[in-house]
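Once you've had a glance at the structure underneath, I'll fire off some questions.
Order of writing sets the chain letters: A, B, C, D and E. Residues in each chain are counted from 1.
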Amino acid sequence: DTLRLLTWGGYAPDAVIDLFEAETGHTVEVTLSNNEEMIAKLRATGGGGFDLAQPSQDRIAGPQQEFGIYKPIDLSKVDTSLFIASMLEATKANTTVDGEIYGLPNIWGTSGLIVNSAQAPDVKDYTDLCDESLMGKVSYRLKRPTLIGFAFAMGMDPFAAYDDEAAYKDILDKVEAKLIECKPVVKAYWGGGDELLNLMRSGEAVASMAWDTGGWKLNNDNPDINFVAPASGALGWVDTFVLPAQGRADDAAYAWINFVMKPEIAAMVTEAAGNFTASLGADEFADEKLKAQYQSSFPAEAIDNIRWYPPVPANLERIEGEALDRVQAAK
Amino acid sequence: MSSKRLGFFLLLAPLVLWLGLLIILPHIDMAIVSLRTRVAPREYAPSLDNYAAFVTEPLYLFTFLRTAVMSILATVITLIIAFPISYYIAKIAKGRSQAALFLMCLVPFWVSELVRTFGWIILLRETGVISGFLQWLGLADQPIEMLYNDAAMMLGLVYTSMLFMVVPLTTTLESLDDAVIEAGYDLGGTGPSVLREIVIPHAMPGIVSGCIVVFMLSLGNYLTPTMLGGKDSLWFTQLIYSQFIVRFNWELGAAFGFCLLFASSLIVWGTLRLTGQTLERTMGEGS
Amino acid sequence: MTADLTPDLECRALTRHFGDVVAVQGVDFSVPAGSFFSILGPSGCGKTTIMRMIAGFLEPTSGDILIKGRSVLGVPPNKRPVNMVFQHLALFPMMNVAENIGYGLRRQGVAKVEITRRTGEVLERINLPGIGTRKVSELSGGQRQRVAIARCMVLQPDVLLLDEPLGALDLKLREKMKVELKALQAEFDTTFVYITHDQGEALVMSDAVAVMNAGRFEQVGAARDLYYRPETAFVAGFVGEANRWRGRVETVDGALAEVRSESGLLIRTQGQNLRLGDKVEIFVRPEAIAINLDAKTAAANPNQMAVEVSALLFNGANSRVLVRDPQSGAEIDVALPQSAEYSNLAKGAQVHISWGREQALCFADATL
Amino acid sequence: MTADLTPDLECRALTRHFGDVVAVQGVDFSVPAGSFFSILGPSGCGKTTIMRMIAGFLEPTSGDILIKGRSVLGVPPNKRPVNMVFQHLALFPMMNVAENIGYGLRRQGVAKVEITRRTGEVLERINLPGIGTRKVSELSGGQRQRVAIARCMVLQPDVLLLDEPLGALDLKLREKMKVELKALQAEFDTTFVYITHDQGEALVMSDAVAVMNAGRFEQVGAARDLYYRPETAFVAGFVGEANRWRGRVETVDGALAEVRSESGLLIRTQGQNLRLGDKVEIFVRPEAIAINLDAKTAAANPNQMAVEVSALLFNGANSRVLVRDPQSGAEIDVALPQSAEYSNLAKGAQVHISWGREQALCFADATL
Amino acid sequence: MIPSIPRSRTMRLAYGAYVTAFFMWLALPLITVSVFAFNDSLFPSLPWEGFTWGWFFGDARPQIGLLHERRILASIGTSAFIATVVSALAVTVGTTNAFLFNRYSFRGRGFLYVLMLLPLVVPGIVLGISILVFSSRVAGVVQDVTGLYSEVLRPGLPLVIAGQFSFITTIATLVISARLIKFDRSLEEAALNLGAGPLTAIRTVTIPYLLPALVGAFVVAFLMSFENFNTTLMLVGSDAPLTITMFDRLKEGSTPVLNAVSLLLMLGSAVLALLMIAVQRR
């Protein structure tokens, strides 16, 4: 069969695909995307066109209720022993709709800050990005992680307000005001990874909100730059496996899941993507340097402080979107 | 006679299929989508809420106006830059160099807009080529940021649209008989007066068609504002894109799409009326 | 008036090269005020080049151009007191008739009312009152013609240049416009310099005609002089129609001579400086040849022969007879006289033709 | 041959309407095999419409077209045994000369070698051997002309239609091509139907000419008949040049009559069915008017008057004198005879003119 | 202001300088992109780290050259495929449209002509979205009624082709019409007169006459399809054409391999352009 995989860059390295194809006889077609586009695309196709997708675990329940684009996972076809049990259970809980499980964890990571410690040693939390001394030297995205990160840094708990639209809106209003106030300091809102990497690497920006992997990548190039878990806590995400509602090659999809969760394969994925997987025992195969970078970014208390995204209720994203638009348009 | 009718219908069929299936029906459908609103998961009700949102939310209106004004500005700048070039190609260059110059105008279109914009990013960024060059010349003592602002975006828009202005302008200017210009001088005209009374009126269809195309391209552009624009340069297409892709709100996105289509048609129609041209004539001559 | 003593336009040793091509070579002429001067020559001989130099669109390579006695070299076209009617008229298609005519006045900063008045006036003079608001595209060919002239005349130029203005018109209209143009010139009393490659136009309208060939003036003179007393073989061949023979001088007796053509015809002629054995060209106009049904009448002429009619080209007053000399096989073009006597002439008829010595124009063969 | 008895082409009561416009109205004619038939008429009179009906591009509204005696109504253009030389020739620009000529043969499925042979043959017949590989754009106007004819002739059509084929050529070339066309027709021995609005072309080449006006044939006949014996005022005015007066019959005496023109000129003429008070038109050709320096010689003619020369239009053999009748103020166009006697005639000279009764063609005034 | 009008030397020089500057400006980003294809660095920007062919031929991390980038190569193939199909369709329909508008006058002709121009004034993104929404709905209806999943109506190659076709056809129509208008109908009549049937006449005379415009329209359509982003973005499925792939790459992090692809494209386009000139010359 042909496995049409809708995934993120780096999650399906060519080397892994070659091994998979050799072992199972399936062929793999990869389409790269991100959370929003994955869902938009599946919505447009009515959950067709792909056999396996990998949205984050917080983006499964809501869209499923709204658009019905996934199909339940048959756990009997999955070798659950390959997964880190706690992660598997958490994901299952977060992706259950009407008693059916829709997602399995694959890769996890965090987002926080990338800081050039030589030039901006004082950046410890999201709100520090608004420091006037960094005028024209900081960058972040205008996306929901920024809203949530700032909310935490401002001492609020947005996740707790997920179910209370009014309270959440209240939080967003404050964050929005902060972001608008902060706007003059920002050099540019980055849109893609390339932009971010170029900004930090060239020294045009000295601090930014970003994913941990980006920071580690830059760290290879310039030891001054590294990922910093913010004081108010890094935001933790888990990218999952889901079956699109109209997928045709479920067998190949399960085969792929079982294949990439093998520790040695998962380690290859980690090397390509830069993030760790939910595969049990993959750490042993992982690159030493990456581990070292991970440990320097995440002291023990920082790991405990990671705030994992809960599932996003359906209507929240609209409110967030409006707030973000207003920030962008503000002078 | 009947074979003539048969021929007519055979020729009409592809046109009707094309326009009907790919332009008209989709737009009708989009109109329908834009006229409903979500009341609960997978439940929609007919309403005008989406249009109301467009009109009542200052952000949307403001973004739209900004986009339109910037597009008009880009069109005007493109026209001003392109006119002397087209004139040079059509009237001053002769023979081989004329053809060569014309082809050189096409060169940027050998690569996609993405690559062109990418090229500008390399040039304009703070640590980019131009900034470096200026420092090397001693004209600047520290890196200069030229990216992420409206000027950069304008540059990108103008650059990307240039061809669509130069081609119709050159074509219409070429059709102006040299003798008519000479007659203008012969009767006592000076450069500016000949330009104002003879050259520009003659080139009007080309100017209008170039302006329409450039305006529409700028208005509908997504890449350039996204890649070159600054932190407050929200473009209306970005708004549409995000409604569809990021916010999963097709209803509002469709309404936005319609507003864009409607308003742009209005502007085009107004321009045509103002200049006394027709779409048929300008477009027929323009290509 | 004393001003009439200086010619309106004078060109002195005017020369123009385009790279290696010599388009105009040492042309000298002067045009008296109020006269109609034509330049007649085949395509590509350099007529337009002269015109464009006078109007200021080309710089002469050498030589001088004087208008009313003042050199205009270096004066830009919009400052020269000459106006030009272009070959395809070059009316401004984006303006109506009145705007076209008023264009030059607007450039001079004449007041609006004044422009309206003068435009109306000139339209009246060209017999087209009230067409001011028409579009150029709504005019007929002849009307455009007149508007183009009016557009120049309203500026009262010292000299009006016309570059084959009738070239684009059809036959009947050309005939009509020829006469009209001459009348307009008289009406405006302006100096006209007129370019054409149609000898009919040049001969009918002009006070003086310059015949031009390959960048040079071959002869300048009144129409009759060119026609009856051409100075070069080129002029003889180009102006009017003619039978043309190449040959060699066989006997010379003072100014009289006998020439044997390449086809073997013996032609008696006259001419200066002819020497035995010279290669010459002989021109005899069709209407100079008398046609007779019997030999007697023909015998009076030094050139006469018995021929057979090979074709009759009936064309009313311009009918021709093609006759064949049985000896040389040469075909000779003879004008058919309008008298009833010849109206029954038919193909194959035996007739006699004859012409006088002085009708056989003789020139040294230039192609030698 | 017996085939010669049926005409190659015959039109019967041919009529064509375009909506309300009647372009062609009840036209009848037949063209004998091997002859040269011209249709002469002003622009827009319906000439092209007739041609297109014969070629099959237009259906007649009524009437019939017969080729070699067989009706071709309903036969599509590609099946009719006629070929057409288009006004602008319509040579295929994307093909070379040989491909152009071979086009019709290829459509007939003739073998390649045969096509090459016949193309070469026809090129030889039009005196252009070896130009087969040239591009159309590399040919001169006259060469194109001949290629266009060859392209049709290679198909050996029964009838060749020519729609103003010389219209696009310049003056000198037209003169030449006229003669050549006639020669080509003799060479191919095919029936030619020729359209033109230039009377010179029609008169010189044709065996028979039809003069057409506003959709109808006014007169069909040989060139001389049309010129000397026009049957209608239109023909008299359109074929050849003429002085034209409108007037009223003042006295009638059998066939003889006296007419007073609107300008007051008294003209003695002759004509059938003239009655006192009739409005008539009188035509007198310029070359029919004799010009005399003294009154005596003129007195022999029934029409004679003393006039003043108002203009001399010198044009070689075609020179004209415009004279003015001092009484009526009418201007009369008189051909200038070629004799030396008149060469000194100048503007303002007092001369006598005269013409015979039979030279003054008289027709009932149609515009009445 | 034309060569025959005398102009001062300063004017001429200034004008010349302006034109030169303009063309330098046009070329600038392309040259920059090309130059950085040879930068021996992971980033296509300053500083210049030295010359390398690695981004074309390299086969080891981190310099994986163009020739070893399966996804990019595949997307070039996809783009070429889409462009070929779109151009062929657009030229075909453009030709029939041109004939329709040139040869027939019928009621509603003017209205249809304006409608035909409409795709030019619809922003690309809106066009893509409207087609996406419509096809999704149709697919939904089809599925509800027949229970069949219609791949064609879901984002993917067919929709990308349809989307690009929908506006490129207008351009093809204009290009072909422009030449057909200049066609002298009497050439076709001459062909009929010489014994060709109506279709043969069109095939042997009209089409050869149109050929330069057909080739021109094809090339223009090909290039427009190849570089289209806005419309494609909304309709693309799992087979991404080159612009989309490059856009994705750019989001992940650009390497000079993108510059290498661009350089390759420029060369390809140059070849196409020369081809077009060669045909037009005929």
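The definition used in the following text is that contacts are C-beta pairs under 8 Å (C-beta built on N, C-alpha and C of every residue); 3 or more make two chains touch, one makes a residue touch a chain.
What you see is a predicted model; the values in this text were computed from it and never measured.
Both chain A and chain D are touched by which chains?
Chains in contact with chain A as well as chain D: E.
By label order, what chains touch chain C and chain E together?
Per touch definition, common to chain C and chain E: B, D.
Determine the centre-to-centre distance between chain B and chain E, using the mean Cα coordinates as centres, and give it in whole Å.
16
From the C-alpha centre of chain B to that of chain D, how far is it in Å?
Using C-alpha averages as centres, the distance is 58 Å.
In whole angstrom, what separates the CA-based centres of chain A and chain E?
That gives a centre separation of 36 Å.
Mind checking the centre-to-centre distance between chain C and chain D? Centres are C-alpha means, answer in whole Å.
Each chain's C-alpha centroid was found; their separation is 27 Å.
On chain A, where are the residues touching two or more other chains?
Within chain A, the residues that touch at least two other chains are 191, 198, 202.
Identify all positions of chain E at which a residue touches two or more other chains, and write them in rising order.
Each of 4-5, 45, 250, 254 in chain E touches at least two other chains.
If a residue has to touch 2 or more other chains to count, which residues of chain D qualify?
none
Sort out which chains touch which and give me every pair.
Every pair of chains in contact is listed here: A-B, A-E, B-C, B-E, C-D, C-E, D-E.
Which part of chain A faces chain B closely enough to touch in the complex?
36-37, 39-40, 43, 63, 65-68, 136, 183, 186-189, 191, 198, 202-204, 314, 317-318, 321-322, 325-326, 328-331
Give every residue of chain B touching chain A within the complex, in rising order.
Residues in contact with chain A: 41-42, 57, 59, 62-63, 125-127, 143, 145, 147-148, 226-227, 230-232, 234, 239, 242-249.
Show me the residue ranges of chain B that touch chain C in the complex, using the header's touch definition.
Residues 177, 179-180, 182-190, 193, 197-198, 201-202 of chain B touch chain C in their complex.
Over in the complex, which chain C residues touch chain E? Could you list them?
Residues of chain C touching chain E: 52, 56-59, 76-77.
Would you mind writing out the residues of chain C in touch with chain D in their complex?
Those residues of chain C that touch chain D are 170-171, 179, 198-200, 203-204, 223-224, 227-228, 239-241, 285-288, 313-318, 335, 338, 343.
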